[in-house]
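This report concerns only the one structure given below.
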Amino acid sequence: MNPNKILLIHGPNLNLLGTREPEIYGKDTLADIDEKMTQKAEELGLSVETFQTNHEGALIDRIQQAAGDCSGIVINPGAYTHTSIALLDALLAVDLPVIEVHLSNIHRRESFRQHSYTAKAATGIIAGLGATGYLLALEAMAGLLAE
Amino acid sequence: MNPNKILLIHGPNLNLLGTREPEIYGKDTLADIDEKMTQKAEELGLSVETFQTNHEGALIDRIQQAAGDCSGIVINPGAYTHTSIALLDALLAVDLPVIEVHLSNIHRRESFRQHSYTAKAATGIIAGLGATGYLLALEAMAGLLAE
Amino acid sequence: MNPNKILLIHGPNLNLLGTREPEIYGKDTLADIDEKMTQKAEELGLSVETFQTNHEGALIDRIQQAAGDCSGIVINPGAYTHTSIALLDALLAVDLPVIEVHLSNIHRRESFRQHSYTAKAATGIIAGLGATGYLLALEAMAGLLAE
Amino acid sequence: MNPNKILLIHGPNLNLLGTREPEIYGKDTLADIDEKMTQKAEELGLSVETFQTNHEGALIDRIQQAAGDCSGIVINPGAYTHTSIALLDALLAVDLPVIEVHLSNIHRRESFRQHSYTAKAATGIIAGLGATGYLLALEAMAGLLAE
Amino acid sequence: MNPNKILLIHGPNLNLLGTREPEIYGKDTLADIDEKMTQKAEELGLSVETFQTNHEGALIDRIQQAAGDCSGIVINPGAYTHTSIALLDALLAVDLPVIEVHLSNIHRRESFRQHSYTAKAATGIIAGLGATGYLLALEAMAGLLAE
Amino acid sequence: MNPNKILLIHGPNLNLLGTREPEIYGKDTLADIDEKMTQKAEELGLSVETFQTNHEGALIDRIQQAAGDCSGIVINPGAYTHTSIALLDALLAVDLPVIEVHLSNIHRRESFRQHSYTAKAATGIIAGLGATGYLLALEAMAGLLAE
Amino acid sequence: MNPNKILLIHGPNLNLLGTREPEIYGKDTLADIDEKMTQKAEELGLSVETFQTNHEGALIDRIQQAAGDCSGIVINPGAYTHTSIALLDALLAVDLPVIEVHLSNIHRRESFRQHSYTAKAATGIIAGLGATGYLLALEAMAGLLAE
Amino acid sequence: MNPNKILLIHGPNLNLLGTREPEIYGKDTLADIDEKMTQKAEELGLSVETFQTNHEGALIDRIQQAAGDCSGIVINPGAYTHTSIALLDALLAVDLPVIEVHLSNIHRRESFRQHSYTAKAATGIIAGLGATGYLLALEAMAGLLAE
Amino acid sequence: MNPNKILLIHGPNLNLLGTREPEIYGKDTLADIDEKMTQKAEELGLSVETFQTNHEGALIDRIQQAAGDCSGIVINPGAYTHTSIALLDALLAVDLPVIEVHLSNIHRRESFRQHSYTAKAATGIIAGLGATGYLLALEAMAGLLAE
Amino acid sequence: MNPNKILLIHGPNLNLLGTREPEIYGKDTLADIDEKMTQKAEELGLSVETFQTNHEGALIDRIQQAAGDCSGIVINPGAYTHTSIALLDALLAVDLPVIEVHLSNIHRRESFRQHSYTAKAATGIIAGLGATGYLLALEAMAGLLAE
Amino acid sequence: MNPNKILLIHGPNLNLLGTREPEIYGKDTLADIDEKMTQKAEELGLSVETFQTNHEGALIDRIQQAAGDCSGIVINPGAYTHTSIALLDALLAVDLPVIEVHLSNIHRRESFRQHSYTAKAATGIIAGLGATGYLLALEAMAGLLAE
Amino acid sequence: MNPNKILLIHGPNLNLLGTREPEIYGKDTLADIDEKMTQKAEELGLSVETFQTNHEGALIDRIQQAAGDCSGIVINPGAYTHTSIALLDALLAVDLPVIEVHLSNIHRRESFRQHSYTAKAATGIIAGLGATGYLLALEAMAGLLAE
């Protein structure tokens, strides 16, 4: 296990960031966010490995692999946040700190977006702060690992 | 983008059409429907590209690609209609007209089949008219594109 | 019974079409729709008799008469869609194919408009396609009668 | 179709058995269970083919193939039990006896784990008996096939 | 006020009795029932005036008139049973004994037919006994008036 | 089996009739009702056997015995109406006509008294007509047996 | 359009005012209220046209006519308040200020009377102030028109 | 007790009127409203004492004092309308006529604003008429006191 | 305590097995099942004591006695499964392994049969496998005792 | 009637007190509690008659007898608290003061234990104070009888 | 900390006791209750400090101070019982035994009064016994402290 | 207005941090957090003013003052998060960026703690990261102000 590697997981439709409903999700592309995260990780003495997929099963596969190869997970499960118990189970199964990030404030959106299954497996959750939320999550993760 | 190309998407278990519970879903196979759609498209000056998968993630992948390559989407999301917010998000993310089709009348079936997430991203919805519903959707799509 | 006559029923407030909330219901007047339907019927070898009322009871009366005098019903029950079990019962009582049409996509509107009692008596339902929805319903009806 | 072949399907996160929350799911690994099942099948004059995936779509694909190649399905759908109508539809579509198995007693867990969509397509359901539950399911399946 | 006159009210779609879903509602026509009621009334020293309409408003109008002209009301409100608070209010407003009759047993039907607004204004309710239920209601009414 | 014998079952607390909350349940004692029922039965060429218990299990025992010894059941299940699926199952298990009687109009009482499990096994239900309701039930039963 | 004419609409059962449950609805008759309203209107430089019906459809018809002939609507929809989406739609369709009046305080009554569909189309709502509520509504309407 | 004094109570955040979300609550400041109320009171032979606080407990304290010192209460409980049973109890405890006022039409807002605890202690409720609503409430109160 | 004795408990209406709704519950009588269980127990080196009653209280009494006299309980609580917290408490009170059996698949039946109170006290649950389910439960119990 | 006799009723599974889940229900046996109650009764000039059963029907029988032979009832209905309307009816039927006691604090337990039907027939309820709760109930009963 | 001091807290509107709805809350004033409590405390070798406020925040402040200065809390949270999670949190935060008292039986009142947040932090709860309930609570507290 | 001043608000019971349920809320005292925040603010070129109260009204008062005196609000509303619409309204009324912080992960706690009214007025929300969450919020606020 690489004690300094953080897995950064982006769920469904997040590959479209920057073009997809920018009034909700902001103008940063996923590449922008990943680059900022890489820089921030370096500052914190960490490395970041990023992964995006639209497939629930592929998210689970990747999370399972993380068990032996990362020290923490920063995840934006996208819409699977609200519907995937399988994803919750994968996060529960790997014994790693997890921070869940949402670009938008889910408490201000449709009621079906206000519930999170995956947050039940997370240490913390950050929502509504756009791309900044990821950077804060990384910072928090660094703190958790330092404990 | 091909202004005349319509993406025709078939969701989970629709590959079994003709053999699967024919008293509910009818005797037409998926190939039959795709052939009828191709003919109808020709009559309407359109072309149709068809795609079937049982994978929610693959549906999202394909819908995302449609953004740069089709003018509209006719989709039967199958059972993902009722459970997939991720599919809804994909349809919202691509800025194309969408018509949702169901072979059976979902208002007459189990209560968990009477709710549609994906319809929130659709212009129109046609249900209960069997294979004919697809042809009508194509006709309606032609009209939407002509506007 | 006239084997080629289709009864076209418009429920409450549909007489105001064209002026009533046109951003939701479109700019076609009811007369426009009825005229298009008459033409379409001719093309299909059918005739259409139209009926509009704001009275639930009058809708039931007219549907009951249809039993002996039409071969199918195309109906937009308007707001009674969501509240009238009596209308559902009338449609169940006459043994005719029924297609329910809505101008707007009810799945995108207030939650109290997302439920349909009357659709439980319909073969098919078409929603969100504006005036075109009626024409498609007529086409589908022609197909049902030809079977 | 092989009249003696039983398809044994393991859903999401079951590949982690033995290490994942052993106080809930027990210490047997999936390989242990598959081996026990193979032996038990032999005793019963059956063969077992096993399949594990974290992908809902892959589960559906595999179930569909079973139609022409197995005589029965023993399945632990994992978390998809509670959320997947598409999986239910796949099981309904193949005309085979199905027995659903859960390692833990779902009636003692969170309320969102107490509901099963897939069980609506099953002949029987066995829960809470750990790895033994699979062996009992195989035994029951042998009985069903003998009828 | 005629102390011996009972108003017998039939709600929506009951004019179709005998032909409408006879496996649910029986083979007696409304005329059959009215005739049996007239005979029974004579035996009991009462007279019966019957009224059928599909219009909720007409039901209310007729009930209001009953205040000054009948001694009791036997009513089958049909589907308005489940949806009409206005009908409930009309029955509450006239100070007469009311007995509600249903041909079918509403407790065995769809859940939306198991609730009765109008029964809140009734002394008694008889359901599931077909045409006989009306005769029993008349008998009960005779008893109530004799008290 | 005695083709003319009707089993009259009184559920919990009905032995207190006449003294128990008479403003709700009336002044007739259970003995009064049983005597009226015996007379009425004679007039109808039937005999009545009565049974009262406060024990749910004893109700089930008695109903099961009825299978081989009566032609119909008139039952007031008292409060078990609202809570006992076991009683429902007993009534479903014996293949006899059942009429459920309630002294008070359950639709006017607390919401937990407005639901009936047992009515799902009944042909008919009579409520709110006091002791008269039993006599009407017997009359209706005579009619059912004559068919 | 008459800029000073206000349409005063009374819904079902309000014709019985003064005799119907006076402890809830007060002792004023509808004629009393209409007379007071006429006087008040004169004082305010307005005229009032009144309309009462028990028919939901007739209410809709009359509201639709108001579009071209009145400047505002004061309405007590009676029990249709709680059940009629069609009435809501009619009020939304005419582009006039609407004030909804209830004689009794609906928040103190049965829960099914605490919800208002029609209030969604109203500027204001006044409840529980008896006949005075109408006069206040007229006063408020005068203010709205003066703006 | 001063028979002509009316207590005018403004709940939380109403001190911000005029600047707070003016598209919902209007441009009048609280001082404007209080001044209009003072004038109106004089015209009606009444006096008004006003009180505003953001503290639920202070509202209860002030209402309790009103018992011995005012003849009626006009109150806009602001957001406590929807959440405070303690405020309801205070209003029930003082034996005075109460009229509840809301600037906006609560039936058109979020569902959590459509329920009122405090209205259960009020004679009347006026909503959606802005500052005018207060003046109408005072007028109504004058009428109640004159009775 | 007899370390090899298993208590086999049959709840309400199970004495009718074989005749009661055989399309749901199968053709085996209770005596058939008990005999099969006795044989199976012998094979497993166990003995079985059987008990059937329709009385909830008698089920509780018998379960309590089991504490000092058996090593495990196999129970089909019949309809009390869904309604009896008292039965749940009895099973919790005796510190024995419990396996709950249902002849039919409760997930395919009415919604009120899909919930189990008693399963909260069980180690495992087997449903839908008819009489075989009991034998499997005994086998599983043998395994639990051997641990 | 014995004016000083109090009936002390213990519901299902309370005979196991002291051994049953002592971390919830305490270490006192039922005999301990009954003895303390007898002593306390003497001090208060009362006598206590105790009754325990696991049978709902037997509880009802005993409560009914109390009508003519005791002055008050102290009852711990055990799990029937949450499910038995029949028990509620029995308590309502006898015109005696009732105090309901629970050993544990039901508000801290599973949601299905937080509702009490029987408390609707009680003057008071004491929960969470273990065996002491019974003694307090007796003290309160003495006070009620002295009034 | 004073090991013998008990804090007696009275929530909103309890200062009005004796005059506020005496048919519900009794005729004792708060001073009467406090005096009785002081006497009772002396008999038990305890002292009582009383506190009443209508302010939720002041209740929290006072409870927090109790941590260092009392041995137990007897509290009637009034209407905050049903709405205040903040009060629950304050009671959880101080590590003292808590007994919750209600003058009326909350299980017999409006449904919104049947739920208690604060009871989740209490050892015991006593309701419906009027002023006596406080004295019993003190007695119980003495017992808890003696353990 | 001070463009660099951030208001840091702590809601009810947060003054007890460090001693109150430290397994949930951590070991940092409020003073520790405020000190860390002051330091962090300096690093970011900001100043922080802190405010703690247990009074809902005082929270509202302080938030209202912030309108003219701060540039942003970081708030942990404690238990008022879940119950206070008045607090939501105060936050909506002041036109400032708001970040809501929770020490614990509310998605893992009781269901009544999983809903947030106040988050509807927040830009972002950070939960579950203990005292670090405040520092991240300040960092995010600096970013928002820099935009």
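Each chain gets a letter, A, B, C, D, E, F, G, H, I, J, K and L, in the order it is written, and its residues are counted from 1.
By our rule, a residue touches a chain if its C-beta (ideal position, glycine included) is under 8 Å from a C-beta of that chain, and two chains touch if they have at least 3 such contacts.
Worth saying up front: this structure is predicted, and the values here are computed from it rather than measured.
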Q) Chains shared as neighbours by subunit D and subunit E? A) none
Q: Just tell me the minimum hop count from subunit B to subunit L, counting one hop per pair of touching chains.
A: 2
(Q) Are the interface residues of subunit E and subunit G largely the same numbers on each copy, more than half shared, or largely different? (A) different
Q: Have a look at B-C, A-L or H-L and name the one that copies the A-B interface, over half of its contact pairs being the same.
A: H-L
Q: Take the average of all CA coordinates in subunit C, do the same for subunit J, and state the distance between these two points in whole angstrom.
A: 63
Q.
Taking the mean of the C-alpha atoms as each chain's centre, how many Å separate subunit F from subunit K?
A. 48
Q) Touching two or more other chains, which residues of subunit L qualify? A) 55-58, 83
Q. Of all possible chain pairs, which ones touch?
A. A-B, A-D, A-L, B-C, B-D, C-E, C-G, D-I, E-F, E-G, F-I, F-J, G-H, H-K, H-L, I-J, J-K, K-L
Q) Can you list the subunit I residues touching subunit J in their complex? A) 55-58, 60-61, 64, 83-86, 88-90, 92-93, 117
Q: Within their complex, state which residues of subunit J touch subunit K.
A: 99, 105, 107-108, 114-116, 119-120, 122-129, 132-133, 136, 139-140, 143
Q.
Looking at the complex, which residues from subunit B come into contact with subunit D?
A. 11-13, 15-16, 19-21, 53-58, 78-80, 82-83, 112-113
